[in-house]
């Protein structure tokens, strides 16, 4: 499903990731852990092809970073659910519209959009905040909107960057149980996090440990 | 269909959200269209006036006294057959004398005891030949006939009119090109500004899998809308202008501005085009730079 | 130093905080905990007078929410260090400038600004990222910039909203030790967090537990 | 001091960062100043031309044939004492006859055998009295004298000149007011746009304890800078215009545009004012709405 072959990606100012080899299969639940600045978010950005490797190649689904055409990137991203570390919600529209947008760009029918959006908002416990704008929500609520937006398109891979940073332990636990269920149904999940407790929820998860842009252990 | 309506809605919303940038564009487009429209009306009416002056333009062909009736008839026939000539009319010495009396109030025979006026023709040319070059050619042709004594026309008038017509045409074209250019550049800039203001929306859309078209279309719609609204404002201006000019100032200017539906449709099409081209120019180039 | 007297603050759409009574003395280290949407951030916003109570009053330092003039709000805020849940860094300037801004607004001299900014950036481990723009930093690095900006003005109260959400356990521990030291030197600290582990670092901390806009336990 | 430099630097940076909004403002201000400047130059030169025409304006006072030398002398003295009169000169019948000869090439005595030309005065009025109302008053005064036969002046010319002067003045004022208004409104809008684009910066500044002044000053600096840059562009335009007009088109227009330093300083001050007032108008109102 996802493979990294000798991937190096360096930012103009230096830091980045180096010599990454990695394989994620459908059905995998992968944690990427490591200190701040280790390169976890960079790995995720390489997967959704926001940045491209300077060396090596990234293959996701049937797309290859060295060959993909610009036109194909949206197609790839429609298959991937992404929960960004900084949420990236749009303050000019409400919670419903933020989540629905994800389906509009995939050309889903309005009627279907409606049912799916309400369903997913309820599953993350935001049924009562549908008409709020993101800046009227608490940090944890915003994070859950971001999660809903990623889940609503039933992705084949879910990328989650520190998805519980603003959630209290109870909500975090609920989220992990939800993700576990989704994973069981066949969605691969790649999660970058500092919260080592989360790992306990997924006993059969694979763990990739990073530091200073390199993988230092992988299971 | 869902997507189509969604994009149209986003275009409208964008226009409202962009606020000042949008107002700017609309304002600039309406000013441009007003100036282009004025340029058009003024040059049209001036060209019209020149044309009217030109339509009064005639050649006068004076024949020799010795010309026989037969020769005159043949000459008449020749004139009639010339493709450049719209209409030629014969003025016999007698009718010339009558005209003289009408114009000067005195009988020519009371001054002299013979009629000094030669037989002549006045010739109206077809409009396209009413310019110095053609006229000189036609005259050269007519002069070949031995019975022709002299051909007169108001060369200077014609030259002046031609010069004016050319100047008017050049100025109108320049005005048009200048404001077309300004409009399109300013629409582009305004759309750039809008894109810049919504870079977050755009990069988020791209990140969640929107195609370029999906991101672009609302901007095109926004640009076109701005163009159309700007054009409608300029239409309002011209409507008010003709109303005021024709109802209140008619007595001063002895001139009625006439604008038909075509003119208004033209303005709106121009506005639409400016808006659309302005956004087309920018969106493609500028969008790539965002996320 | 800070006192809430029967404070109720309701947002246009409903939620908010109700009947809050609370007192923070100089030298206190206070944790506010509770589930997402409990009203933790709202309490902090009331302290730095970003919002005002609908009922009751908030007193901070020598300012009273019911009497404070608009002109005095900047003076109050210069005494308070704030670490926002969403960082609020400015992407149009680099790390140094983001931190220095906090001193410029307080009319500190350029030379002094320089030494203080470098000092605080080193203390949060960002000495090597001085010239980066915030969007070139990892989530955890951004959070540390936000922390540096709050600390640089040597505030008399430090408000921290989920300051370790994006930090790995090691950096979190370092931060807590730093804050403990600052607290020992006399700065009151009020921290909203879900990370109950943090509490262990400060044995003598006071803990305020919130739920649904109300304080349900206080120590 | 630190803060002062910081704010100035922020103003400059803001201008660069605001990009299109800033360019827009500069563009609009320079266009406005160009049009205001043109309005000024044209109206100044037209007023000048009218004044020049008016300076050639004279009253002609024809005396009765019967006037004695003494009466004429007294009359001369009276004219000289009138405060409205700049200069009066006596034209005796003899010098009138000489003038006749000069103008018409014929000796008046060769046509008639007496001199039919009466003694007369030509009177130049002081500039401020060169208008129909004053002139009528002065004439009524002069007519009271029994030796005066008739007073002539080109009433229609004067009326026309007055009318034009008034129209030019009104148009120039309207142009000035219109573009002043447009400039200020557009500068306000552009600054609003800039404020809107930097609302994050503003609210963050406020949250970390910046006073309102601290937040506002960079916008004022930015506005003033935009105004000055716009003005410099318009100065460039006028410099080029005078250069081209006076060097290349001088032969066609027989007219030299003259612009002194004061004109350029005036433009720059106007630009500065437009920019400053535009930002003052907005910033206070609009800033309160943010964070």
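All chains are identified by letter, namely A, B, C and D, in their written order; residue positions are counted from 1 within each chain.
As a convention for this text, a residue touches a chain if its C-beta (ideal position, glycine included) is under 8 Å from a C-beta of that chain, and two chains touch if they have at least 3 such contacts.
Here the structure is a predicted model, which is why all the values come from computation and not from measurement.
Enquirer: Report back the single chain whose CA centre is most distant from the CA centre of subunit A.
Expert: Greatest centre separation from subunit A goes to chain D.
Enquirer: Quick one: report the Å distance separating subunit B from subunit D, using the average Cα coordinate of each chain.
Expert: 34
Enquirer: Approximately how many whole Å separate the CA-defined centres of subunit C and subunit D?
Expert: Roughly 62 Å, centre to centre.
Enquirer: With centres defined as the mean C-alpha position, give me the subunit A-subunit D separation in Å.
Expert: Centres of subunit A and subunit D (C-alpha means) sit 69 Å apart.
Enquirer: Using the contact definition from the top, classify how the chains connect: line, ring, star, complete or other.
Expert: Basically the chains close up into a ring.
Enquirer: What's the complete list of touching chain pairs for this entry?
Expert: All touching pairs, sorted by chain label, are A-B, A-C, B-D, C-D.
Enquirer: For a test of understanding, state which residues of subunit A touch subunit C in their complex under the given definition.
Expert: 11, 13, 33-38, 40-41, 85-86, 131-132, 136-141, 144, 161-162, 165-172, 194, 196
Enquirer: Show me the residue ranges of subunit C that touch subunit D in the complex, using the header's touch definition.
Expert: Those residues of subunit C that touch subunit D are 48, 50, 70-71, 74-78, 80, 82, 84, 88, 90, 92, 101-102, 104-110, 113, 149, 153.
Enquirer: Across the complex, what residues on subunit B touch subunit A?
Expert: On the subunit B side, the touching residues are 2-3, 5-6, 17, 200-201, 203-212, 214, 291.
Enquirer: Would you pull the subunit B residues touching subunit D in the complex into a rising list?
Expert: 19-21, 23-24, 186, 189-190, 192-193, 196-197
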